[in-house]
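The letters A, B, C, D and E name the chains in turn, as written, and every chain counts its residues from 1.
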Amino acid sequence: MPSEPQKFDFPDIKEVPSRFRNALGRYRIAINKSCNNCGLCIELCPYGVYKKGAKWPKAACDHFCTGFTCSINEFYCVNRCPEKAITVTVNPAFEILGDRRWTADLLASTWHMAETGEIPHQGLNYKTGDSGGGFDKLRFIFPKENRGNEEGFEDVSTAIELNRSDDSRPKITIPVPFYLGGMSFGSVSIITMLSRVRAAVALGTFCCTGEGGYPEELMDYDDHIITQVATGLFGVREETIKRVRIVEFKYAQGAKPGLGGHLLGDKVTPRVAQMREAVEGSALFSPFPFHSVYSVEDHKKHVDWIKETNSKALVSVKVSTPTDVDMVTVGSYYAGAHIVQLDGSYGGTGAAPDIAKKNIAMPIEYALPKVHKFLLAEGIRDKITIIASGGIRTAYDMAKAIAMGADGVCLGTADLVALECIRCHHCESGRGCARGIATTDEELTGLMELEWGTRRIINMYMAWRHQLIAILKKLGMKSVTELVGRFDVLAHLDYIKQEEIEGELERF
Amino acid sequence: MKTDSRLKRVLEKGHFAVTAECGPPKGADPKVIKSKGKILKGFVDSVNVTDNQTGVVRLSSLAACVLLKKEGLDPVLQMTTRDRNRIALQSDILGASALGIRNVLCLSGDHQSFGNQPQAKGVFDVDSVQLVQLVRQMRDNGVILGGDKLSEPPRLFIGAVANPFADPFAYRAIRLGKKVAAGAEFIQTQCIYNLTRFNEWMDKVRDLGLDEKVYILGGITPLKSARMAEFMSKQVAGMDVPDEIINRMKSVPAREQRQEGIKIAIETIQALKEARGVHGVHIMAIEWEEAVPQLIEAAKLFPRPQV
Amino acid sequence: MPPKYNIHTSPVPNRFQSITKSGVIAWEEGCLKCARCVKKECVYKVYEKRSLDTRQMLDTLDSECQDCFRCVQNCPNRLIQKGLNPTYKVLGDHYWTPEIISSLWFQAETGRIPVSGGGYGGPFSGPGFDAMWTDMSEIVRPTRDGIHGREYISTNVDLGRKLMFLELGPDGSIVSPAPPLVEIPLPVIFDILPWSPPREKINLSLLECAQSLGTFTVVRQSDLTPDLEKYLPHIIVHVDGKPENLPPELIKRLRMIEIPDSENVMAVQAMLKEENPQLVVIIRMPLNSNASERALQLTGQGAEVLHLYADEYGLEEVDQPLFIKERVKEIHLRLVEEGVRDQITLIASGGIAMAEHMAKLIICGADALTIDIPLLVAMECRVCRRCKEGIACPVEIDQVDPAWGSARIRNLMAGWHNQLLEIMGAMGMREVRRLRGEMGRAMFFEDLEKEIFATMGKRG
Amino acid sequence: MITAERKPLSEIKEMIAPYKKILVAGCGSCVAECASGGEKEVGLLASALRMDAKMEGRKIEVNEITLDRQCVYEFIDQLTGLVGQFDVILSLGCGAGVQALADVFAGVIILPALNTAFIGQTKEAGLWIENCRACGDCKLGYFAAVCPITRCAKGLFNGPCGGSKDGKCETDPDAPCAWQLIIERLDKAGRLDLLQNVYPPADWSKQQGKGPRKIHREDQSI
Amino acid sequence: MDQKSAGLNITIFFCQQLDANQDANRRVLERELGSRIKFFPLPCSGRIEPLHLLRALETGADRVYLIICPEGACRYREGNLRARKRLAFAQGLIEEIGLEPQRLELIQTTQGDQLTIDQRAHDLLARKAAFGPNPAKLQGSRGQANNARTLEPMNPGTPDVYQGVHYDYSGKKTFI
């Protein structure tokens, strides 16, 4: 159990609409010329789909539309419109949005949460994707008695402790079981980076710098920053290590396990180059692995070096998931790490070869139970914090990862989706992200505002926290720490049938 | 001072004035005008000569007025702003006065697209209200637009038109007021078939006190047939022929329809005579001038007063 | 230091518009022609480059668009919509999927390996090659040559029979002469195409490319024409007629030859080798449930190279077929078990569609492999198989300029080579020869599912 | 924006009859918006002209280009070096575009393929309506921002005339009576008092000055 | 004589939503008629533009059909309505140059008919040949490649990367 945290003041929700003129939703509404501007639709729709327009009402927020299922309601605009001017159609874009893991439904529901801080009401599947395995086939088994009401939400703790070792270093409790993973300056814009950091501050958690240096804009937030020491050592300096409360060693990243980091030349702008002490316009490779680490002993030297440099910092080690991921974790523990972050192969926000993303190393869903069980057997499970990352897309993924053995999770892609990443997968090309998120191009960076970005991320995570508490309540738990390693509350659809279990399978 | 305008004299003396309309021919023959003048002479106080009405090319209004003047009638020169710019208009006004014409009716005119010269450039340099104002300034102040002095001002009784039946109805009386303010001294209205509406309009006119500032002559057009009634109702811009009138025309056999038309006209004239603030009638018997004497006699407006 | 093997690439443009997943459904009517039009703001300048290809009636909007959706989302009149391109959906078939085909097109066009941002968006796993992950090295088993040493990772393989030991004469001299070996710099050979439009120009494209890469193209005996003579060192003649009909002077000039398996296949091999002792003979044999037995038998009889083939979907041509990777695994393990694996070279073919298949098949026990359909796809083939039905090729592959064709294939092979290096680099391996049969450095879906998920939901 | 319509093909054909090498030049601004002279229309016209020539057995060469704007020298530069290859440039610009091309490429034959229509507004998809005559003396302030010069068939400053019926103009039962609109809007704005003013005749000299009008701003010219 | 035996070149644009299996179904005719028949599947008939239709005629079609969804059945709401108008526009244009507007024809399918694209094409081919060859087409044969990029025929800035037989292999490596 973590030390009882002082009551944390979570931020308020403030609605933050899309940066773009037309938000994307499952349905599209068209109002034809026969509209007589009576304004009834504006009055009727409880979801606020319609807004007053210059001349006629506009379906400005049709991403809130619940579509044809609304037809049973007496406020169904299509039926009620006196001029029959309204048509609802499925947005053709929806069939091409997203991919198997981040489906159109997941994207739209994440955007919804980021905009409103609430669980989507449009009938979107906001819990699972369509990958056909892993998280997407895992379901919670809830006891039949209903504990899902809204009462007593604040009595459920979502806090976790990051330093579980017996050393003298400070305890760090975060009020939510996640922190935000490393995305380097260069791979994402400074606005994106600051939005994430500021959201982390608001949520009382941390955000990692990634491997691109420690831009001075971040200094105000030192206490909530994890700085990364990666194989390229880009931007790593003694003073940056001294500034923070957690230092992260990045051995590998799940998107390109076994390969180094890579920033294409186009993205190495003068600012990025300066930050990384590199040459403008030339591609930057981080080697793999640390050229000074060829054994657990070497690894320990590294950890000791950090501990020496900053006597108060916790050390986190970020690794991918090879066949012997359990051994790697144990090795890290003995080398003195406080946190081991297991980065599965579905995450990653920067550019990576498709072949690596798809084929190298095992999915996080396999790695977590393997590691958890092994650490239990070694008797050291409660001495180390296991953080899962790489493909945690939803509050449900987060809860599942914890049930499979993680203490908490580390997130990245979801933040970008909250910032309206559309997952076109072109972060790496040309000037970078056309939507101004993963780019260093000045013009494109200008597509986003800091306050907007911060709020969107806060909203999404507040909605996540709400969902996590609901899950815990249904499971009869008072703290997220009770969920760790509870394989028994999960079922895999391919292997377990409804009739074989006690309780109810979570729908979707 | 005795003015040269018979119409003005009649009105000033408080008589119920009668004017009629005379359409010039589509040719250069003066005889047509003369014969029309002969029919009307003695029955009406003044004769309006239309100015290329409906945009169809006809003998000029000014020339026809001169011909009628010679016949001893008191012509009203109609001037549309459609075909002439301010230079031509002012020059024609001076010319008309010099030739002894004493009445002018200022109007914008039917749009050229209705006539036989739809490719013509519509001038509309000034509009009817502006024309009224301009004539008034010429007459009363002896200046033309821009302020240049005239060596001799024109002497004209200035009229304008009003259509109580066009939309927006509420504005119609206001617009009349505007014409009065611009300087109109008499008003001829669009043909009246819908007396209800006309009376509503007159109520507003009276409310504004306009009936005391300007002489209003109600427009009368005797119907020749039920077909004409229907045509006017549907095809003629700014015309309001109620269904009951059309039905009434239809209810009699074809050969009696002309007579029925006259009857309706008489009834309308009687009604107008009763109406406070109506100072006369303007009879527009379209290509049917011979009906005018009959109508005037039957409406007990004959003989005309000597003034 | 071995010399670096590096395939040079250079972009080779498409002749036809490629078919992409989404299409613009743009209603032009009602365009407001905004001063700051979303079309002008396109980061990729798609609208500026817009043109129409009238052969296909295809708008470049579709093939150039990168789906950032900014125009869709910002057009004030919502005139631009994007939808699924149904033509993309029907590209290829269940195995040669639209995703595979477009990835191959990309590699052939650019010579680059597919790289994308934003994490992996595909399915969790799948049948066949997708039910397998390769390993990586980390802390407890690090590599000595990471990404920067990748140029020194060798992808060379030897084709031919290897001696298990040297026989020495009483005087210490070697009595067993080493059998001939052919070394190719990457474990890929171009195979006979299962179908194609008339292939005069196609064959020239393949041969030109095989020559420049240092590998081989299998050419049917019946397809051999005098103008191919200059490519003989890179031709594997597939004997589809009578071996006796092969001119001896041709046999003498060949380095490799392929003969179909038959009862007297060893006799044919002997005959050919008599004509040219330096010739490496490949025996082409189908994969089926007898294959491991037959492979063992042929190895015992002195076969040099076995070319194990499955159909275009990687399946055996029998009633209850096994997937190529399973059968190759079985054969490899059988030969290992019998202690003869290293004597013989196994080439596998059938259903190899992506670079990862190459790596995975090698892990499962093949020394090298041959590819066919990807070669056509490199030349813009849509795997519609119209040519097979006698319909004209929609992308006129029969008309390609061999220089264009070979440059495209070369680009594709560069992509595959680089991706093989990625996999091996991540594993910390320096030799593709060592990758062969390294099943311990791979993870299999079935094993992991059994270990992790099948036990979930149980109390305690 | 400026609207225009393509001339009948027969008229265009007659104009280009003497020439063999034709460059069809579109304009990407106003006339593109009203779908008469943009890139698409250029493609269509060129295709039609090629087919037409083929049908008549004439050999002609028709090429296509669309400038960002035809009335600006900097954009006309896109044609520099190309014009020499052609006998004639068929411009799908407005009158200003055609004349600007002719101004730059003196000696090259420039022909108009459009009839320039008016300054107007895109009312809805496929509908453009004239709403400004560029009189040079804007009085919209008095008329509730409905231009009587443009939108009243008679250009009345003191309207409406007697032909206004049910809010429509006597000349076109589909066209709203401009004065009806003016009155309604003044009513809404509580400025019906403006209706009582007698407005003096317009100063047309600002529209029909001496020859082409020009605006010269010292501060804008270096 | 029907259009097929008359040897006419037929081009068929069609809404792909009409026949999910169009790619397979149309092959019978493609095999039989070779380049005489051309199918252009559209994701929605609203994708058609007058230029497509004109270019089809220009590049060798004698008759062009546009097959659209039944009224009210457009997946994208109004694509078929737009298709109809655009075809009419193109018809007007070819009429102006003296080509029979009927060479461009709209075929609206009816609700509920389950015809495949080849069946539809068969019906069209079996129609009486009302027209001879299209006098306006520029090439005699349309099997030939036509690389004309119609919207931008002159783009002097684009270098031809692929020139003849020789490649510049010296270009720097473009790995990831």
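Note that a contact is a pair of C-beta atoms (placed from the backbone, for glycine too) under 8 Å apart; a residue touches a chain by one contact, two chains touch by 3 or more.
Computed from a predicted model, the values in this text were never measured in an experiment.
Visitor: What shortest step count links subunit A and subunit B in the network of chain contacts?
Guide: 3
Visitor: What pair of chains is linked by the most C-beta contacts?
Guide: Highest contact count belongs to chains A-C.
Visitor: Give the identifier of the chain nearest to the protein's overall CA centre, each chain being represented by its own CA mean.
Guide: The most central chain here turns out to be E.
Visitor: Which chain has its C-alpha centre farthest away from the C-alpha centre of subunit C?
Guide: Of all chains, B has its centre farthest from that of subunit C.
Visitor: Whole-Å distance, subunit C centre to subunit E centre, using C-alpha means?
Guide: 35
Visitor: Approximately how many whole Å separate the CA-defined centres of subunit B and subunit C?
Guide: 96
Visitor: Hey, what residues on subunit A touch two or more of the other chains?
Guide: 92, 351, 353
Visitor: Of all residues in subunit E, which are in touch with two or more distinct other chains?
Guide: Where subunit E meets two or more other chains at a single residue, that happens at 49, 51, 55, 58, 75-76, 150-152, 176.
Visitor: If I count partner chains per residue in subunit C, which residues reach a count of at least 2?
Guide: 25, 28-29, 50, 52, 81, 83-84, 113, 115 - these are the residues of subunit C that touch more than one other chain.
Visitor: Pairs of chains that touch, anyone?
Guide: A-C, A-E, B-D, C-D, C-E, D-E
Visitor: Of all residues in subunit E, which touch subunit D in the complex?
Guide: Residue positions touching the partner: 49-51, 54-55, 57-58, 90, 93-94, 96-99, 135-138, 150-154.
Visitor: Subunit C touches which residues of subunit E in the complex?
Guide: My answer: residues 13, 16-17, 20, 22-23, 27, 30-31, 34-35, 40-41, 43-44, 46-47, 49, 51-52, 55-56, 58-59, 75-76, 78-79, 82, 143, 145-152, 161-162, 164-171, 173-176.
Visitor: If we count contacts the way the header does, which residues on subunit E are in touch with subunit A in the complex?
Guide: Residues 75-77, 176.
Visitor: So in the complex, which bits of subunit D are touching subunit E?
Guide: Within the complex, subunit D contacts subunit E at residues 8-10, 39-40, 43-44, 46-52, 54-55, 63-65, 82.
Visitor: Tell me, which parts of subunit A touch subunit E in their complex?
Guide: 30, 87, 89, 92, 262, 264, 351, 353
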